[in-house]
Amino acid sequence: MSNAPRRAGRHFLQIPGPTPVPDRILRAMDMPVIDHRGPEFRALGLRVLAAIKTVFKTSEHVFIYPSSGTGAWEAALVNTLSPGDKVLMYETGHFASLWYKLALKLGLQPELITSDWRSGVDADAIETRLREDKAHTLKAVCVVHNETSTGATSRIDEVRKAIDAAKHPALFMVDTISSLASIDYRHDAWGVDVTIGGSQKGLMLPPGLSFNAVSQKALAAARAAKQPRSYFTWDEMLPANKEGFFPYTPATNLLYGLAEAIDMLHEEGLERVFARHDRHAAATRRAVKAWGLEILCNDPKYYSSSLTAVLLTPDQDADALRRVALEAFDISLGTGLSKLAKKVFRIGHLGDTNDLTMLGALAGVEMALALGKIPHTPGGVQVAMDYFAEVAKAGRA
Amino acid sequence: MSNAPRRAGRHFLQIPGPTPVPDRILRAMDMPVIDHRGPEFRALGLRVLAAIKTVFKTSEHVFIYPSSGTGAWEAALVNTLSPGDKVLMYETGHFASLWYKLALKLGLQPELITSDWRSGVDADAIETRLREDKAHTLKAVCVVHNETSTGATSRIDEVRKAIDAAKHPALFMVDTISSLASIDYRHDAWGVDVTIGGSQKGLMLPPGLSFNAVSQKALAAARAAKQPRSYFTWDEMLPANKEGFFPYTPATNLLYGLAEAIDMLHEEGLERVFARHDRHAAATRRAVKAWGLEILCNDPKYYSSSLTAVLLTPDQDADALRRVALEAFDISLGTGLSKLAKKVFRIGHLGDTNDLTMLGALAGVEMALALGKIPHTPGGVQVAMDYFAEVAKAGRA
Amino acid sequence: MSNAPRRAGRHFLQIPGPTPVPDRILRAMDMPVIDHRGPEFRALGLRVLAAIKTVFKTSEHVFIYPSSGTGAWEAALVNTLSPGDKVLMYETGHFASLWYKLALKLGLQPELITSDWRSGVDADAIETRLREDKAHTLKAVCVVHNETSTGATSRIDEVRKAIDAAKHPALFMVDTISSLASIDYRHDAWGVDVTIGGSQKGLMLPPGLSFNAVSQKALAAARAAKQPRSYFTWDEMLPANKEGFFPYTPATNLLYGLAEAIDMLHEEGLERVFARHDRHAAATRRAVKAWGLEILCNDPKYYSSSLTAVLLTPDQDADALRRVALEAFDISLGTGLSKLAKKVFRIGHLGDTNDLTMLGALAGVEMALALGKIPHTPGGVQVAMDYFAEVAKAGRA
Amino acid sequence: MSNAPRRAGRHFLQIPGPTPVPDRILRAMDMPVIDHRGPEFRALGLRVLAAIKTVFKTSEHVFIYPSSGTGAWEAALVNTLSPGDKVLMYETGHFASLWYKLALKLGLQPELITSDWRSGVDADAIETRLREDKAHTLKAVCVVHNETSTGATSRIDEVRKAIDAAKHPALFMVDTISSLASIDYRHDAWGVDVTIGGSQKGLMLPPGLSFNAVSQKALAAARAAKQPRSYFTWDEMLPANKEGFFPYTPATNLLYGLAEAIDMLHEEGLERVFARHDRHAAATRRAVKAWGLEILCNDPKYYSSSLTAVLLTPDQDADALRRVALEAFDISLGTGLSKLAKKVFRIGHLGDTNDLTMLGALAGVEMALALGKIPHTPGGVQVAMDYFAEVAKAGRA
């Protein structure tokens, strides 16, 4: 499409999602579409609807939508709430604030606990607010597990405990779009009522599928909820899903990919997948620190294993740096969003990647810092290598 | 997944959508995901947003959603209407009635002109109703161009004239899910305000994308519309689309496929595509008549070039016939929907197919009639062959 | 590449090979190349070298070459013979005569039993010739199992018996390029010393791999054989193959496909595969006879289940007919070769195909006969349909 | 196939071929096979036969074989020589010595100029030997352009001059298997008579195709050559190739890939492709030197841009190091061949790769050195990064 010479080799897609899709998944999707009302589809539908539960660590139902993750945010709210309902949301960053705006647009009354976008959810603040709400007017508590705009991972177990401590009946809704299948998440054990997920991050799929894992309490709430809804409504999904089918034409080829993706996660082992993400995150942070740069998330408790956001100084332009990296080394880094625009760049280390690819990516960042004239201490890649070698040595011992 | 022996050869997918996806399109989609905020995506976005207009025959904007066609139905209504608005809908069959139910769920007040599901829209009935509506309380007229459940194609130009004759300001919304890129459709020339489309039929793509082609009048209505909306809202799409981007993660790989699909339609030529569908439909009807069976659509004016529904007698079970066809000959036929259940089977002849494939499909039907003990006169395939040979002869003369 | 409008739908590849490659196999091949000296390749190599034996029905070694089938012909001769050696060959048709010419070029002294190209091998003629050869100067007997140019399948068991009856020690070499995995073949049970095979027919793979299944007697002959050889030599293959490796870079991606292909054959069941080919051949012959045309093979004992060659009258041009079929209906038929040029066209019915595809193909032939003005009685497709329906009925009873 | 957990991410294939196949090429090959005697194939055949000339920089014919590169070695010899002919060969390393053995097996009388496997061809030695051959009994001079076993690139222009200086009429044959499309090569300008190439290195294809680019002199020699030959014979190829066809079934899908590969080379620009290989080779050598290790090629004049072989000390085991690299970091490095076994490992930097992938690969080597307890100075990756950044800076200036 352009007159620029072809670039050789493989692009480094180091944004915090979509993530690189493994060949096996792309090839599984590269197959003829089948009749979505026939017996072969039925077997596929039952298979993926059962398998996806293992990823959310739930025994409850998981709804699968042909939509982006944004659709699953909407689905969670419209199925369980009624016009004018109050919900408590926590502003961990850009995506939490988008969810808040979505609630506003739907005619709900969201209330936002604000933050400086540099940390995770303060469970105490939630407990305090819920205790104040003696009348239980707050119908739901909504938090983002891993805030993709900042690289901070909240402690969902702590929020659960906060709600319980406040003895508050609000539904608990959690966005796991950039944590699912990358960072440990337990829908049942943590008592979550609606978990929102998407296909294009830890699940290693192209964008186009989203999820609602639910609880019995959420399903009960749905029966009373008055929010107008159709595309995202659970009630028509449930009976169709029981037979392996969907109430409208599903994104069949993405479901082929989903079946393959879940197989692959289990072939690696979910706990190994999480450990791998932890290792890549640790190596990235070591590199950032060696460069003398600042990690946006300022509390190690909340460091994200999916991505690391790096905060530049006010006189520096993170987008100029990203442009240099892309032009000179064919690597895509995540941009700073809304109030972080130009201030941060984000290194994605989630999805189907490995040590050498991460080192290539970190090398791309380090060289871009040099080319982009961002003052830094060279050697970030070296400390990441030293760390990987040490981990590998321990693993072989 | 099953213990049944592998079936050799290629399945005949003769449902009225999803349709067989050409290899070129599957392969175009079988490519690495790119950064949806980067320059390469920008070029892709601008390309498909421009190209899709040629398929709708419009110079206005076309919105592209990561959703099934059902989502685009919802999008048309929530962007242009307000709670309690009255809309006039026409019950051509199952899908028109689903759209009606969707409007109800959204809190609108749809009014349905009913029919016997065996014909197209009666434009006079619409004109009469609109003339009665002196107060212009009806905010929209909604019709389905090609009713996928019955195989009847309505005359959109006549409906437009009816609205004009009644001098009624209602918005005009048309579902082209199973006609777009199969049967001639002209968004601009026919003065449609919102056209709804989907990816998995004439566009030869897997399911997962849907469309809203709009008019300036529809965009103006959207600015005043009060229906709560977020995922499907146009207002955030428009500025992002101008730059080739989308407000949330798009279904990138389906967009690769869309670009390829539109190229392929133009390589064949849209008018040739329509003529091919007409030819396959004519051959199918000749075969059905030769078998002595009844075509559901009882007015030739409305015969569909996308599919033909065949009506059996009350003592016959169309689903049993479909099962025989699938088990014995590996061909999927469309089922009868809601009140047509077990009464009709549908032969899809839309999308990327050719004469020999159609003859194989008709042979599958004729042999299934024999196996399924449906009384019929053999020779349907022969008359279809004679017809194709005659057309080919004329084309070579 | 051309300015002709795109043709819609799937091409009908009805030549007697290469055959349509199933999507699963193409996708299995569409994977990154691996180190041909590493442990992953070792596992692949051992797997395919073991699996391919089941297709030849042998417990002996099968050599796999990165070459066309022609290469495997050469391999059979150069590994077992010495310059000037006499070999007895049987001219069943074009391909048998090509093999004869190949032997000449290699400096061997082949002797050819000629025929009219309308039948299979006459085992008695071979026995007679071998009995005459009291000095055992004939070092090998070479026959083609299924002659692709004529559609005649020889009886390999009878040839074996003839050699035994003559008490002749000649090596027995059989070309199964267009019969392997389509028509029953038994390397061990029939006492064959070298069986030649190729990838692009019954094995459903693209062209590019060929095979030599051998006997212990052939391996012993190879140790004494003086024919100069390098690329096709067995002696360096054997020790490498034991470890799963090859002496030079193998066609890795075709080996991925081979593994998948053999799995698929067994998922269907080899005996079912053969029965399917028999059924498609029977239907094709019924159609040809209904048209009033002549089958080239004039002895039903030798009818081929891989292809049917149709003999036109001297005033007719089979290539003109094939051109009409291709242009009007997008179907490729096999051309007449050497002395059969323009006199016959060949209908391939081997590889991954099914009843409806065969009927589409026969319909293409019948319509092309009409367009090409070849006098014939319509109704060939109908008798084929009747036959398939009858077989299906019996199978469901 | 194994019980080991799945490895995440993309394998680093850093052997000196086969090289990583770009997705575009794999997808181009992942297409239905077509009739190899039909008009569509004709267009493909003519296209690739013309395009491949640009890669060899020749206006003469290039033969394309369905075989590994070894086959093209054999083709060069059997087409131009007669039994007992003397040829002069130069032992640059393992592959040159394999070619020599092949000539022996074919019944030729090759004469080998030996070397220490640490450098390129000494053109003076060739000139001296040719001058001695007053009777012109040497019929050909055979050299390897880039010796894949050692990482030494010979100067073909100097060898040409040596032959000319000796006024010797011998044919000049050059193996470019691991240099073609990676290192500048000029068949016509350097007066080469037969150039041997393969698909799986600089051409970025899977293995399975090989090439003979020829001169008029070579074609003339072929007419007189008495070496028995069939599969590799040029004489039947030439007339078929003129029409875009091949005398036996070609490897159609690899030809699809070849067409795409050549397009891609020209989209990048051949000179840019060579410069990229030079850059990656330079970076690799800087890293090796920084580690304090020894490059096998001991004369910088002959450094290879396709691969770098690293020589360990006698007490070290290069294969153990390679095993550590593969197990710990999922990177394949080239093994030492024949007399270099366990003494060297080879880093491939040819084919479709880029700076970040090379840095990931070098990081894999550096970490494996640490794990494998090979004494070395850390920092090789850092000097490679510094070099790439410097080059990128200059390129942007």
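Which chain is which? They are A, B, C and D, in the order written, and residues in each are numbered from 1.
The rule we apply is simple: a contact is a pair of C-beta atoms (placed from the backbone, for glycine too) under 8 Å apart; a residue touches a chain by one contact, two chains touch by 3 or more.
Not measured: the values here are computed from a predicted model.
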Neighbouring chains common to chain C and chain D, by label: A, B
Interface sides of chain B and chain D: same vs different residues, half threshold: same
Pair sharing more residue contacts (C-beta pairs) when A-B is set against A-C: A-B
Gap in Å, rounded to a whole number, between the CA centres of chain D and chain A: 45
Intercentroid distance (Cα basis), chain C paired with chain A, Å: 54
Distance from the mean Cα position of chain B to that of chain A, given in whole angstrom: 34
In chain A, residues with contacts to at least two other chains: 10, 20, 27, 30-32
Residues on chain D engaged by chain C in the complex (per definition of touch): 1-2, 10-11, 13, 15, 17-21, 26-27, 29-39, 43, 47, 66-71, 74, 83, 102, 105-107, 198, 200, 206-208, 227-233, 248-254, 326, 332, 335
Residue ranges of chain B in contact with chain D within the complex: 23, 27, 30-32
Chain B partner contacts - residues on chain C that touch it in the complex: 5-10, 12, 20, 30, 264, 267-269, 272-273, 276, 327-331, 352-357, 359-361, 363-364, 366-367, 370-371, 378-379, 381-382, 385-386, 388-389, 392-393, 395-396
